[in-house]
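Letters A, B, C, D, E, F, G and H name the chains as they come in the text, with residue numbers starting at 1 for each one.
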């Protein structure tokens, strides 16, 4: 953050920008009032990654404007989650480099060269859990982490998981995504030595109650070293995994 | 049942018992009004096992009287569940052959020679689940089944279960008892080919909500061939296992 | 399973297939990675029936590919549940012998001659419970069981059930399907001697809470010998009934 | 009510009581402020029966004082519910005619000759439901109704109920009390033609959730003509039954 | 019922109908198997009113056939609830005398002259509760009761209710319908002397939870003489009111 | 209210209106029966503001008629909430001065000159909470209060809130609107000295359960001086704020 | 607050206290670390009343020490809630002027002369609600407000409330306390013009669910101007009422 | 693990132990059957820390035997949680070096020299949360981590937290413990850059529902980088923090 401030002050000193412009740029390092939103532009300095755009409840036009502003003031990737294709297309008209992931419904706008460190493994139980698992994977990748995937390895056919137990043990952080009974994180947590982030999904029916069943399973896990995020919160899991993965760096 | 009726009629014909006594005995084959309870004495003919005594909410004296009556009219074992030691001692004063299982808090009053058929395996996740697991095992044994036990094999140390997978495959019926996250039946159901009766227990804390968490886990299991009974209902699991085990006999 | 392995080895020995083909076939006996899914092809050897296809959350194309693969590697019937008509038509274009059941929304692809053993009786409470009851019946039939149906026999008109009590007593396994108050399994369990699989449905309104009411009723049943499956889980009930029905065979 | 007012006015006119005494008596016909309680003394004129005393949360001394006051101002029976034996004994020291029912924990203080009209039948499912069933029966009797009892007739042994179906059809109002699965009111409602008041009890364990299970069962009943009261609310059921029973009188 | 049987026997004796026809007619007095439904035709003899048709979950064609059959075998009004206009029109093509109530979405097919006895008062809290209130009113009218309505009298403007307290006291049975906070039955129960049937509706938002809030309010009412039916169950309330209203007749 | 009555009596005395007209006008000061609704026209005298129109569950035509009647009999602003644009347009055809707020979906029909007193501050956590926050603001404005807005100040970027803590301390009443975790009222309540009205919104997903999560957060707040209204109830918050703001006036 | 700072600086200037003592006193104006607690001594300057002591979960010794410290640093009354008699006696040994209210289990330690402004009316539904109502009243009194009480005025006997409607209209703030069905705030809110703070209590049984029923009733109230606090939170209600009552002062 | 195996083999080779002893020691490296428990002795090799002893549901004697066995086979600290003082004293008689922490009710049996790496900060909201916070701290310390504490910093007095924001930013992992509204993790997560483990506690009353309220708050947090563990699960939080803290080592 200090670098950025110095840079602004230098520009003022050299009269490259006016004092008013300098003031505005300094203010925008903290927050940026757009009327319908007050962007927390300081977040990239505080948390290491700019504010992500959670699309539901915002108009397409608001999303586009926020994306542009974040892309402008940040020197890192910008991420938008739960975006429809039509939102992506609107963003793309303004920022052609924006990329869309259909499965996870995420938009990523890249900036500069990407580092790719550590080893995050995303494990999922069933085919229907893919959108959440991909949201986690894309988020972690956008934040500069190396991510591997191991999908459709539910415990109804346990040998699918056991045959890959070496990969479980090599990961530095594990994200385990499961709906239905939410059993997978307990089993993975029993096999692996690294922190496990458990993500319940709303996949299921009947007494699943929109993901309540796997959520409770994961919170009550008798395996150690498991932290739980909200139902379907792939973004939150990817974010937390990134913080853990980059903690020692 | 026909045998019993014939026997009564024969006794009447031979004047071993009076017509009034015969009438009373015939009536008692259906139900027996004890004022505070109307025993379903017909149940042994209909379901193959007499009504069991669920002790909570009954006075010790009522339990003793019901046990005596059932023992008198039935030609099979009598079972009382959730009994305290003081209840057992009161029963014992009247029926000295009564046996008590401290862990499962069950009383069994045996009658005649016991058959012991089939192969029911009771699997439990943790040490705290023992009372429920034992209630299931004692119930199934009292109903004339061969029962094996495999205890403390939770998935936090999966090798404990996998090392005994052969026993899982040999059982004709499996009863799987688990509290906390209730994960064990899903894993066992993924390994074994026989019907699995899943029993959630109220063991746990916090978001366990008195056994709700493992109950939901088991109802939502992605493994096939699992039927669920009420939380802590070891009796119900043992009963159902007995019906399945003896179905082909 | 040994037969299958021998057959492959023989084909390799006789050079009917190459070593690489043999290796691939042996691997496919355990699992089969299709990218979006990792089929548990070993399940037919382990559980006696191949993995069934739960359609929600999968694209039509994925379902068709999975159905083709399972049909290819399995020597038994293939079952897909909760399938729309358009899914069936897509499957049919690839596998013309596929059959569709409109009420239960199931697809069955038959293979070879069917055995039809035992006696499973599916009882349902109301007309609106038919889709779930039929899913149970079709599943059990697809797994090689003889299935009878007794529909619309709710306890509001108890004589409809009592007049058929003989059929209740003759079944080896009973599946009892009910929404609303979920009372039927308790009544059937009081009359019949065989294991009862209770299936709550989401039929109802108000304090039914999407099937929670009948689910709780069934879990708390005071009749013995009842195992419960998830709300609307006709497939699970049919599967469990099949395991019980064929347990002694 | 007019009679009472006339009587007071006459006493004033005849100078049997002073004007101040007359005023106080007139005021006490509406309510009576005792500091910790404001008795609704008008209730007997409005609803036909004086305010009953719900004991929990009141001190023994408060209960005694309220009982004395109600007994004084009312010309009907006074009823106190959920009273311990020690409360009864304290009341008895002041009003020796008070009667105690140990099972239902009710105190009744009778006044004058009792009418006993109509035909209310109280049916209960199990022995543990007796306290609630008796609270209903005692309440209805205290309000001047003829009450019959039919106890321990749960559906696990349906013949116990069916053998007495005539009594079900002859009652003018039925109160049906059940815990566990709460199935009995649905079955009774299918057999009887009169209004059924369903009372769930908190008897049960596990997924009974303190009576929630039978409450939901009864609210969702597919039999017609059923009204439900709160869990364990025997008093409320007896009161409602009395209003219905005496509606045409 | 005896009259009907005699009539059939007379027709057989007089050879107006054949023995087979007589047999079929006798059987149809108990139940009538239509494949997808097993009509409880005996209900009119047992409960005093034929089975009503709950339309959701049935096809239009099934509803029409059931309505025709019930109209044919019953000598009373036939009622169908929760019917759309298109269902009504289909019924109307077959039975032109069918009547439709748009607000309550009920179809009534009348038969012969109607009695109209007693005095049922339907009170509702808000305009949005009208569909449920009307379902109750139409049901009670179809069953031969005199019904009055008092709508939009919520307690936020208590004088609207108090100004009509005389009507509250004159009714023999009260049906009180309310969503939101469900307060109205408690207030009405405090003012009126007759039985109150409380009907919670799903009208509301937020912490209303689909009618759970008013349901709990009504079950916990501190006014006496209140029975509760399921959320939105106007039919059930009208039916119960009819049984109470005609109890003394 | 007395002024209005005097005015009517004067008009009668002066024969400006007939006695019948006077009677009707006096009656309409209490309530006004429109068939489908019984308007509480007395509310403006009792609560200081006329009954507001909650649109869901009413037909467009009913809303228009109610709006016209309230506008006619009231000398204050009329407010309709949760109105769609098509409702507004229908109202506008009859009352052209009606104003629509698209975000909050409110219609205001102004009357005479507006006072604008005190200082109500509406604070909201995120952009998606705007509709509820605006409903609160518009309601308070329509009731004659001065309202300020401070939007998108969630605690994930706490400096956005802290930088405006002076405004928090100057407000006489605070309305704090938040979905997701509902944390904002606790933080604001810790900083400000005035009463805080907390409004949970249904914004969120997963374990948010339609606003239950923020509702519980707010009810359990460890900051003092917080009152909570229903989920999404911006209207109720604005109304309560107005009563508090004008309490001392 | 400035007065206090000036006073300290003056004492330093006059050498009445040392610089170290002055520093410590200034720091203690913000917070005071007692090891097991970090007192928010700044609260009295920020919120107008010092931090209150919530006794559960604290040892008696901790409570005594905290009370002494708050009494020392504050120039206002100190309040401790949910205190047992033995806690009071321990406090009393250190601060003899401490007062105890048995019903509400509150301790008040007064300081200087009390103002007593405005007009807060505490209304409660039943005798069992007294502890919560008194906690509210005592809290408001301790904060310098004039408080009136109107107890046991539940709607089952509505005339008790209506006869005192004038008092309802004269209060500047109303606190309405109710358990069971929680109906009272809706009725009071319909009659009174001032802000209503609704306090649900855990008084009740069965489907009351520990106060959930009245909580939901109050949140869904169709009367305007109601803010709700947590179940049994008399303290919170008294605090909020004080802020409102003193808002204009 | 290989070192341990080599050591055993060497001892066998050197005849220091017999082949039977060697076999037993090798077996005990995987699990150890004690009848009532099957210790997962392999866990220390797999997860880096031996199985901890959760005391509830185990007899004192069982706990002592398990502690002795774990202490014997492990070369690391042994931890027992939720232990009463009497349990500690029994352990102490066998293993005098055992240490007890009264607040957190934990027993630690140390082995060899302790490493103490990284920087875990445990933050708690209130004094009543101390037992859970201490369980987390003691667990992390027992696993070889450097732990700091920052207690009683709830957001009702936000300056207590803000004044220590530097410590928040320096920690490598944060454990944030809160009951009541559970707001603290959201605020800390907004300020700090490191992973936050949120621990809801069951401290609270009313609509806290045993910790459900703070649990939901934390799962729905709008701050990023938060993982949640079960209510009151200090052990789980300390364990997860240790895995994260030592991930890069």
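Criterion: contacts are C-beta pairs under 8 Å (C-beta built on N, C-alpha and C of every residue); 3 or more make two chains touch, one makes a residue touch a chain.
What you see is a predicted model; the values in this text were computed from it and never measured.
Common neighbours of chain B and chain H, listed by label, are A. With centres defined as mean CA coordinates, chain G is found 51 Å away from chain E.
Averaging Cα coordinates per chain places chain A and chain H 28 Å apart.
Inter-chain spacing, taken between the CA centroids of chain B and chain D, is 38 Å. The geometric centre of chain B is 44 Å away from that of chain E, both derived from CA atoms. Among the residues of chain C, those in touch with two or more other chains are 126, 156-157, 191, 206-208, 212, 215, 219-220, 224, 230-231. The list of touching chain pairs reads A-B, A-C, A-F, A-H, B-C, B-D, B-H, C-D, C-E, D-E, D-G, E-F, E-G, F-G, F-H, G-H.
Residues of chain E touching chain D in their complex: 46-49, 52, 172-173, 191, 193-195, 197, 215, 219-220, 224-231, 236, 239-240, 243-245, 247-249. Every residue of chain F that touches chain A in the complex is listed here, in rising order: 126-128, 130, 151-153, 156-157, 159-160, 163, 203, 205-208. Contact residues of chain D toward chain C in the complex are 125-126, 154-158, 180-183, 186-187, 189-191, 204, 206-209, 212-214, 216-224. Across the complex, chain D meets chain G through its residues 30-31, 36-38, 40, 42-43, 51, 56-58, 62, 200, 202, 210-212, 215, 230-233.
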